[in-house]
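Consider the two complexes below, in which chain A is the common component and chain B and chain C are the respective partners.
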Partner chain A sequence: MSVATLAVLTQTGWRRWSTYRSAALAGAVTNTVFGLIKAAITMGAVGAAGGQLAGYGPIEGATYAWLAQALIGPVNVFWSNDLVERIRTGDIAVDLSRPVDPQLAYLSADLGRAAFTFLPRGAPPLLVGALVTGLALPANLLPYLLGIVSIVLAVIISFACRWLVSLAAFWIIEMRGASTLYLMASNILCGLIVPVHWFPDWMATLAAATPFPSMLQTPIDVIMGRDTGLAALWLIGVQVAWALGVLLAGQLLWRLGTRKLVVQGG
Partner chain B sequence: MTEQIVHARGLTRDFVVRSGGWRRTKRVVHAVVDLDLDIAAGEAVGYIGANGAGKSTTIKMLTGILSPSAGTVATCGLHPQKSRRELAREIGVVFGQRSQLWWDLPLQESYRVLASIHRLGSSHRERLDELVDALDLAEFLDTPVRQLSLGQRIRGEIAAALLHSPRLLILDEPTIGLDVLSKERLRAFLVAERAAHGTTLLLTTHDMDDVQRLTERIVVVDHGRVAYTGDLPGLVRRVGADRVIVLDLEEPTPSLSDVAGTRLIGTEPDGLRQRLALLPGASAAAVLAEVAGRAPLRDLTIEEPDVEDVVRRLYATQQAAH
Partner chain C sequence: MAELTTHTERPTATGWASPYVALVSSRLRSQFAYRRSFALDLLGSFGVGVIEFAEIYVIFSSISVLGGLDFAGLALLFALSNISFSLADLLVGHLDRIPTYLRAGTLDAFLLRPLPVLAQLVTSDIQLRRFGRTALSIAVLVVALVVNPITFTPATIALLVITPIAGTAIFCALFVAAAGVQFWLIEGSELANSFTYGSSYASSFPTAIFTLPMRVLFTFVVPAAFTAYLPTLLILDLPGPAWTPAWLGWFSPVAAIVSWVAGMLIWRAGLRHYTGAGS
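Right, the complex of A and B next:
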């Protein structure tokens, strides 16, 4: 599959999502309002802990909250049922009659979706955050460049995880249990509710054994310059490992799944 | 020898259907059983059968979407499952009830993406223009696919399947749900497209006009087995379906129950309209001559047997044989 084809698919993902303007606007408002609430709670928690909590002062806490709000849309730490539905309805037959690798094709489209989604759902919380609480962001360029790499990797990991879990639909018809479990695990362990650095030890260990921190906590840490230099590169290396590992697992499971495929509904 | 586009031997596919809650029961459904199928390059084959006869399952095995439980198949000389992606460049498929277009985007965006997926380069413009012209797509190329009418969407789907000029076009119930005019236009297009490009066609349908207009040979499947292969008139002869002569007479006439080579099916009041089944081997001309000698004719029509009825009869004879 050529890079040009992947680029066209990425562009298509962007265009598909940019079609729905009012949904984008609603997303912007939701993310920003929740950002206000989360920033207040995080600052309150830092204050209650005596002004410092695991390296976060009040403004750092607020910045974490705003960045998390800005990234949940593009990274999509929630769930999407697209592939499950295609397997369930048998539309997967259409994907199988194309001369492309379905995982890479859908990944490309998802990168396009993420890139577009950043405009309405990423930028507004950051702007409002800068005005309301102020943002504690580094003054040099490097963390931002690494941050972009880290965000792209986060999008890839998130896609790869959803793809992998969705493939269970080849074997089980009712996916609600699996998707709920995924949603809970990803939302808590990625650092969306509270930073992973605030977790008790046992939970931090658990989180570190999953790809979820790489979806949200890692890009936030890299952008905020919490980790710099080799430490930042190490985090990105971990992301690369998760991205490749989960994508590969998805490839293998896809092969098993299509081998037993029953295209439903004629 | 002409090139084989489809070559299947002993093709078989079983499904295990599980049902029940905790105490599961397993039942094996034989969707396709020991199917031999040959389609030569340039042929047009109608693949016919009732719902659940195994048509779609066969197509999915030919295109590499489903693996056979037993038997072998080569499509365009390729192993469909092992070379699925390579094969996808050689074939175009339209699943009547599924869409291969990008739902949220203007129709022409789908062609741009498909051209890229099939690595068509700039040469696809010419082909697209040809298809836009022949399928009359111009007026809704900029309309999002979700806003197209069914007839427009199906035309769009067929253009999508043909954009990369495949050697084999597989249409799975392409005219389902279309109105008479749309069906007719689609058929005219397919006839012209095949004449121009020599595309091999495999068509599944419930619509017998599709079969008559578009195919040269039919394969009838029943419960996953081939029940008949040959041409349509041959099938008609085989099940003994008769052509019917409908005679409209100038004046009330007694029942024409003893015309040689026919069997009287019915008369309408006063014998003004009489229906005679033409027995195999009988000459319509001789029958007409005899009738004209007895009563003046006003009009006549000859009804070809309804093919759906023919298939039903074929199923019935199969069942009697089992």
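Right, the complex of A and C next:
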């Protein structure tokens, strides 16, 4: 297994998703429509709080909503059933016979997917946001550079978490309960519905103990320059720790799962 | 096409409804066949409702009034909007699978049968599991009715009865319109979702927080405000924002009828546009 192999897999991930252009367009429209509504809600909430809410003014609140809508495509905080289906149908045997580590192979493909969806799904909500509400973005380059690092890490963490939960399919047949729980936890705790900084204390503590804020809240904080310098580096360090930790947990669980797996037929 | 076929050719011993009764009961039997799986699905649908309500809970942990409504008022708005949307989703939500039918050519089978296509599609896959979200919304409604300062007059009670019916009808019409548009868009299910789910999302917040163009859009173009917000204002005896006064809340049945006419026109135009998948 080499880096070149993984790079090829990343390209195939890009190609697979770039084939369906109209689907990407439909996704961008959806994200933009929800962005309009969410920006109105965050601005309304900031206005009701007297113009400032946990460091967000009205435009910052709207920017948060637009950035969140731009990033959910690439980061994919939702659920994907691909691996679960492969385990259930036994197709996973094909993955096991390949001379590539399955987790890294799927991660590479997911990075390709994220790289493709970044512009077609991310740019339209941000453009509409800039026109409708205006965006509060920093004027210097550094937050964006750090932001790109943070987004890549967010994609990796999101993949690693979905991978880890999907592996439960080795032991349980009906995954709908698990996927719903995951969807609830990730959607609420990543900051998709409202910024994590607005959470009441008990929910903020709960969120901080999970990798979910690292999927959406952290990249947005870094890009918006809410945290700069050492504080931003610390956030990225937390992301690195979550990425490595969850990937490693996925590797261990994969070994346990495949030891138990029996695939019938030839 | 299918509409042109007369029903008189069929043996109609038990009336026109019998094929639908057969279709729906077969769907219900199949969904109840795996009880534990069905229970998990119900729970999942309940969970989606919890996510939606969590948003309102978190927002109100730091503010006390949003768009003229307090937490209790917004809970009432949330409940009315979500009861209607989840019931519409249960009844016709599966219409958003039309793109799959079009791609696979399965729609042609529906066209061959001597029943209206839309009625067949609606009865062919009613999703009872979506009642989970309705159940959560009803629970929120009960609490909201207790904690809000509501004087229960015949008018309030009439509103509480009319609103979920008209609201469900409006959301059903939106699903039908979105399904009709699918005949022109290939791979457009997500686009349709932004229309239906977007309206549902917008309807669970006070329209007063939107800018005037969006408020007009979500009241008079897509009648989302009629499903919950305007009736909520009437129930709580609050005035509405500019351009959408509270008394409009009495007109949700009218909005439902207009939506259905528009939805059916779009659906019929879409079905006429359909030329088959060549299968």
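Here is the rule we go by: the second predicted complex is superposed on the first by the 263 of 266 C-alpha atoms of A that agree within 3 Å, B and C clash if a C-alpha of one lies under 4 Å from a C-alpha of the other, contacts with A are read in each partner's own complex, and residues count from 1 in each chain.
The criterion applied here is as follows: contacts are C-beta pairs under 8 Å (C-beta built on N, C-alpha and C of every residue); 3 or more make two chains touch, one makes a residue touch a chain.
Please read these numbers as outputs of a predicted model, since none were measured by experiment.
Partners chain B and chain C, once the complexes are superposed on chain A, both fit on it without clashing. Contacts of A:V194 after superposition: chain C is touched, whereas chain B is not reached. Angle at chain A between chain B and chain C, computed from CA centres in the superposed arrangement: 90 degrees, to the nearest 10.
In the superposed pair of complexes, A:G90 makes contact with chain B only, with no contact to chain C. When the shared chain is aligned, chain C comes close enough to touch A:V29, but chain B does not. In the superposition on chain A, A:I37 makes contact with chain C only, not with chain B.
Residue contacts after overlaying the shared chain place A:T19 against chain B, while chain C stays out of touching range. Once chain A of one complex is fitted onto chain A of the other, the partner contacts of A:T5 are limited to chain B, with no touch recorded for chain C.
After superposition on the shared chain, chain A has more residues touched by C, the comparison being chain B against chain C.
Between chain B and chain C, the smallest C-alpha to C-alpha distance in the superposed model amounts to 9 Å. Within chain A, the residues touched by chain B in the first complex and by chain C in the second are 20. Note for the complex: chain C touches chain A at residues 36-37, 40-41, 43-44, 47-48, 50-51, 54-55, 58-59, 61-67, 185-191, 193-195, 198, 201-202, 205, 209-211, 214. The touching residues of chain B, counted against chain A in their complex, run 15, 51, 56, 60, 63-67, 84-86, 88-89, 91, 93, 95, 97-100, 102, 104-105, 109, 112-113, 116-119, 144. Residues of chain A that touch chain C in their complex: 20, 22-23, 26-27, 29-30, 33-34, 36-37, 40-41, 43-45, 48-49, 53-54, 174, 176-177, 179-181, 183-184, 187-188, 193-194, 198-200, 203.
Chain contact summary for the complex, chain A toward chain B: residues 2, 4-5, 8-9, 12, 15-16, 19-20, 90-91, 93-94, 96-101, 105, 258-259, 261-263, 265-266.
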